[in-house]
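Next, two complexes with subunit A in common: one pairs it with subunit B, the other with subunit C.
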Partner chain A sequence: MNRSRSAMIFAWALLAPAILYVLIIVAWPLVETFRLSFTDASLRKVTNYVGWRNYGRIFNDTFLTVIGRTFVWTFFSVLLKMIIGMCGAVLLNAAVPGRNLFRILTMPPWIVPMAIGIFMWGWMYNGQFGMISGLLQRFGLVDGPVAFLAYGSTAFWATIVTDVWIGVPMVTIYFLAAMQAIPKDLYEAAWTDGASRWTRFRRITLPLMSPAIITMSMLSLIATFNSFDIIWILTRGGPSGETTTMIIDTYQTAIGSKKYGEGAARAVVICIFLSLFCIAYFRITRRLHATEKA
Partner chain B sequence: MNIILKRSLIGLALAGTTALPALAADISWIYCGDRLDAAHEKYIAEWNAANPDDQVKPEVVGWAQCQDKATTLAAAGSPAAIAYVGSRTLKEFALSDLIVPVPMTDEEKAAYYPNIVETVTFDDTQWGVPIALSTKALYWNKDLFKEAGLDPEKPPTTWAEEIEYAKTIKEKTGKAGYGLSAKTFDNTMHQFLHWVYTNDGKIIDAEGNIVIDSPQVLAALQAYKDITPYSVEGPTAYEQNEMRAIFLDGQIGMLQAAVSTAFLAEEAGMNWGVTDLPLGPDAKGKGTLMITDSLAVFKDSGVEEKAIEFAKYITQPKVQEEYEAAGAAGLTPLRPGPAVDKLLADQSFWKPFVDGIEFGGPEPLFTDYKGFQNVMIEMVQSVVTGSAEPQAALTKAAGALEEYK
Partner chain C sequence: MAIFRNDDTPMIDRYRWWEIVLIYLGIFAFLFFLLSPFIEGFLVSLKPLSQLFSSPYTFWPENGSFAAYTNLWKTVPGFARYIFNSFLISTIATSIVLLLVVPASYAFARFHFRGMGLVLAAFLAVSMFSGAVLLIPLFRLMRTLGLLNTYWAMIVPGAAFLIPSAIWLLRTYMMRIPAELNEAAYMDGASQFYTFRRVILPIAMPGIIVVAIVTFIGAYSQQFIFALTFNSKTEYMPLPIGLYAFFGKQDVVWNELMAASFVGILPALVLIFFLQRYLVGGLTAGAVKQ
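Entry: the complex of A and B
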């Protein structure tokens, strides 16, 4: 009895720093954000309780458009990262000369500090001095300079491309690791039976990698949904709000306009969406583990 | 026992001595920029020597974070004593009870150029001490003028001429006639306000009524629409400094910019000129937007009185002249005086930056400045991209601004 009690005390003592950390760094700000979302907190020193007013205010046409845009932005960004990441992993896994060099070359977007990478893309999108516009002009594909960040449609895709560039290395390396864990004898057996490359990929690689694909998709979805730096540095949500996603809109409201109450309400909505993604992620991984065990 | 007593006494003495410096009241100063200006460094040292109990402790914060840092500290209840802030935020701070008034005497007010004191005045009280002023003038590229068949020594004086010249440059040289910046950025609104103030327009009147939907502002918006086809392609991708880089590369005929561009144009070896901002049809005289930064004194710092005293000390004419003398910073003088006369005589390109002050206007003071700014940017972008006609954009903006006045 004494031993089990002391074991429990020891366990709690070990857990205490982590619990304290989670309470201070995660739980308290979350609770405080939730509380703020029901107030009219701003720069003023007096804060009043306003009930659901902030939530009523944010669910207007503009915010619904922003929510829709965030989902579209996230969907295409994650999809492209998965496709390119998979292609990259297949190439890096193939027995091609200089494979190690290619593996190293995959890393720069991940190694370069994110802000520097984004500024670099900002320059590439520049109509006057940018490389992309320059190349398009040189090959006669456009008549004059094209400023990619000037128009809603091009700016939207430009931010996605930058996000994909930054996110692909991690996906590639993760997929490569998963790919290398697939037993070689499966491929050898399929090859002996005359299966083509495509069939081997479709029948062996993809099914065996599905846990990795699902896990990576979910993690990428959560990170991309909350992506702030890329859009903020490239366009600040412009032009005319065409690249404003939920996180940008929240920042502009809470920090820009100093409407902390309204900003908190927006943050709570983001939190709800992300929680749903997390629940989905945990359910799927649990199911995958169950399948693996079976 | 004796040892314990002795150690306790030593401990107390040590604690007392280390606590002593904390008793002296520091005047913390959130200072915007990359480094402390040499003039300010010198006079802070002088102040600190004369006021050992009220030491000024500047904290240099980059421009991008400076305003937010001062605001966040104040909102969190631990304000800096003084902060370098855009005067446009003073009304918001004042209404939020975060800053204290810094009233000026008639003599102090009279020392400034006209309209400067108005940039820090709200409810007939001054809420900050002006420390920096930025005005704009029109730069033109003489080589591009020549290439387009225009007289390189004759810059435009009216909007009609400006648009006509921009068109000629675009058609004759294939390069942009004008550098119109319309990115989602604060200076997009500033650039537009220069046009408003060179046509006797206003955004908000002294009684706080939104008066943007006027023929003067409409004319400015229409001029924006008219000059867009002859400007740099995709103006919504560029803010003022990015546009300046294109001008310095010789790709733009005309650009409205601050005095710092003169120094950069010299460095770039350009053949350039600078003149007053062209005037709209309703102009009463030379105009410009006057952007001032001020020293705001925050409430509850515990050293408000001394902070006000220091704010006035560090902005007194002698110090201010030295601060402004570093012309590359792009600051227009706040007060007339012999030093400014000498500057105008030695470097004539300063003249249009000072002349515009007479009919210049302040950045309008709103209770939610960012909200106001976003509405203005949206209005300009909708016209520049062709998604709205000037009158429709103006009417929409006028309605939206009511929320922020």
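Entry: the complex of A and C
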């Protein structure tokens, strides 16, 4: 009894510094965001409570458009990451010479400082002199230069492509690890029965990887929803707000226009969506664990 | 064909020639997507500006040179300082994360008291909120503490968001250390702290090193939003922000910007090359259930 009591004190003592740090840097700001969202905090010294006024002010057509756009942006980005990541994992799992080298070569977009990778995309999208526009013109696919970041529709997809580019390596490596955890004898048994490569993929790989696919899509969904650097560096939410997602919108309100109260209200809406994703994630993973044990 | 299989290659791993062609085509397309910005960026850094700003587009540099790599030290005056700052910020952030995460992971791996599961879930939930969402209170907190425009304004919030994945990784590693070691140490009369210090830590060292590397890479690659918002002093700027100012100018000197980017990513690329064996294992450990 005495032993386990001292063990308990020791365990919590080990946890205390980390808990304290996260309380101060993450939990308290989270609570503070909620409090500020009911105030008119700004650069002025005095701050008054204004009730629901900030929320009443932000819920208009523009904000709803931003929410809708954020979901569309996130959806396509996550979908493309999953598809390309799965293709990459299948290819890198093939027993061909050089695959170890190829696996290393997938890592740079993930490991390299994010902002620097985005600068490079900034050049690639350059209309007059950039590579993509240049090659498209060379091959006669477009008539004149295409300035990808200058038009809403192309800028929207350009930022998605860059986000996918940064996200794919992690998804690929994760899927590859999950693929290698599938017992080899399953494939051998199916192969003996004459199942084709495609059938083996459809009937063995995909079903057994579904927990990994679901987990990764949820994690990727949360990370993508929070994406800031790519859009900020490439377009700052422009042209005329066509790439403004909720994070960019909050940043512009809070840090750009110094309207802390209103910015906090926008951040609270993001937090609500994130909490919903978070709850969904915990529920799904718990169910996955339950079915695996059964 | 012979080069693609030996007699001991399992039948299931043997491919027909067109399958091999398809696989390699697929791999090359995949890698082209992932690496083309680097290839293009490197070629741009070799091209003289006159060739860069000319139509039609040319892929290969004509009379390419490494001139941009020497000129950039003059055009970006703080360049060496930015790289130093990036390293300093990442190193201190990594140290803070390790100091907090090593004891915490051990507690999560070895002890199971009421409430600890909830605390673990709370830690993991931290990674769901990006710094961008909490920026306003963090800004006010940094201002109150007088940390705005110091290194700490970038280190302290940055470290908090590196904690969840570090805990997850190290906890998974420490769970593989047999509990019998603890029992044996207790039998010999060792205290809890002594056991942790002298028995567990030495065994966990390889795992701690992997976590340190992964955390450092994370800290090095994600220096943007806090540095953009909480610091306006040029002498403290990390590389991405230093170059961002350069990137935002009306006339971007692209070849030098790309040269600077390559010098900036070199440390990361060297790390990947030397540590890839640990990295792939480390980054995915705990990701897949054993």
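As a working rule, the second predicted complex is superposed on the first by the 289 of 294 C-alpha atoms of A that agree within 3 Å, B and C clash if a C-alpha of one lies under 4 Å from a C-alpha of the other, contacts with A are read in each partner's own complex, and residues count from 1 in each chain.
Everything below uses one rule, namely that a contact is a pair of C-beta atoms (placed from the backbone, for glycine too) under 8 Å apart; a residue touches a chain by one contact, two chains touch by 3 or more.
Treat the numbers as computed from the prediction; the structure is a model and nothing was measured.
In the superposed pair of complexes, A:Gln128 makes contact with subunit B and with subunit C alike. Of the two partner chains placed by the overlay, subunit B and subunit C both lie in contact with A:Ile255. Among subunit B and subunit C, the chain that touches a larger number of residues in subunit A is C. After overlaying the two complexes on the shared chain, residue contacts for A:Leu92 are found with subunit C alone; subunit B is out of touch. In the overlay built on the shared chain, the residue A:Ile83 is in contact with neither subunit B nor subunit C. Contacts of A:Leu64 after superposition on the shared chain: neither subunit B nor subunit C is touched.
Look at A:Ala147: by the touch rule set out above, it reaches subunit B but stays clear of subunit C.
Legend: residue contacts after superposition of the two complexes on their common chain; A:Ala11 is shown touching subunit C, with no touch to subunit B.
Of the two partner chains, neither subunit B nor subunit C is touched by A:Leu276. In the superposition on chain A, the residues of subunit A contacting both subunit B and subunit C are 128-129, 145, 255, 260. Residue ranges on subunit A touching subunit C, taken from their complex, read 3, 6-8, 10-12, 14-15, 17-19, 21-22, 25-26, 28-30, 32-33, 36, 41, 84, 87-88, 91-92, 94-97, 102-117, 119-124, 128-131, 133-135, 137-138, 145, 165, 168-170, 173-174, 176-178, 181, 187-188, 191, 197, 212, 222, 226, 228-229, 232-233, 247, 250-251, 254-255, 260, 263-264, 267, 270-271, 274-275, 277-278, 282, 292. Across the complex, subunit B meets subunit A through its residues 68, 71, 74-75, 92-93, 95-98, 182-185, 232-238, 242, 245-246, 249, 251, 368, 370-371, 374, 377-378, 381-382, 385, 387. Of all the residues in subunit C, the ones that touch subunit A in their complex are 3-4, 9-13, 15, 19-20, 23-24, 26-27, 30-31, 33-38, 40-41, 44, 52-57, 59, 86, 96, 99-101, 103-104, 106-108, 110-111, 113, 116, 119, 121-123, 125-130, 132-141, 156-157, 159-161, 163, 167, 186, 192-193, 196, 217, 220-225, 228-229, 239-241, 243-244, 247, 254, 257-258, 261, 264-265, 268-269, 271-273, 276, 279-280, 283-284, 287-290.
Interface residues of subunit A, counted against subunit B in their complex, comprise 42-45, 125-129, 144-151, 155, 235-241, 252, 255-260.
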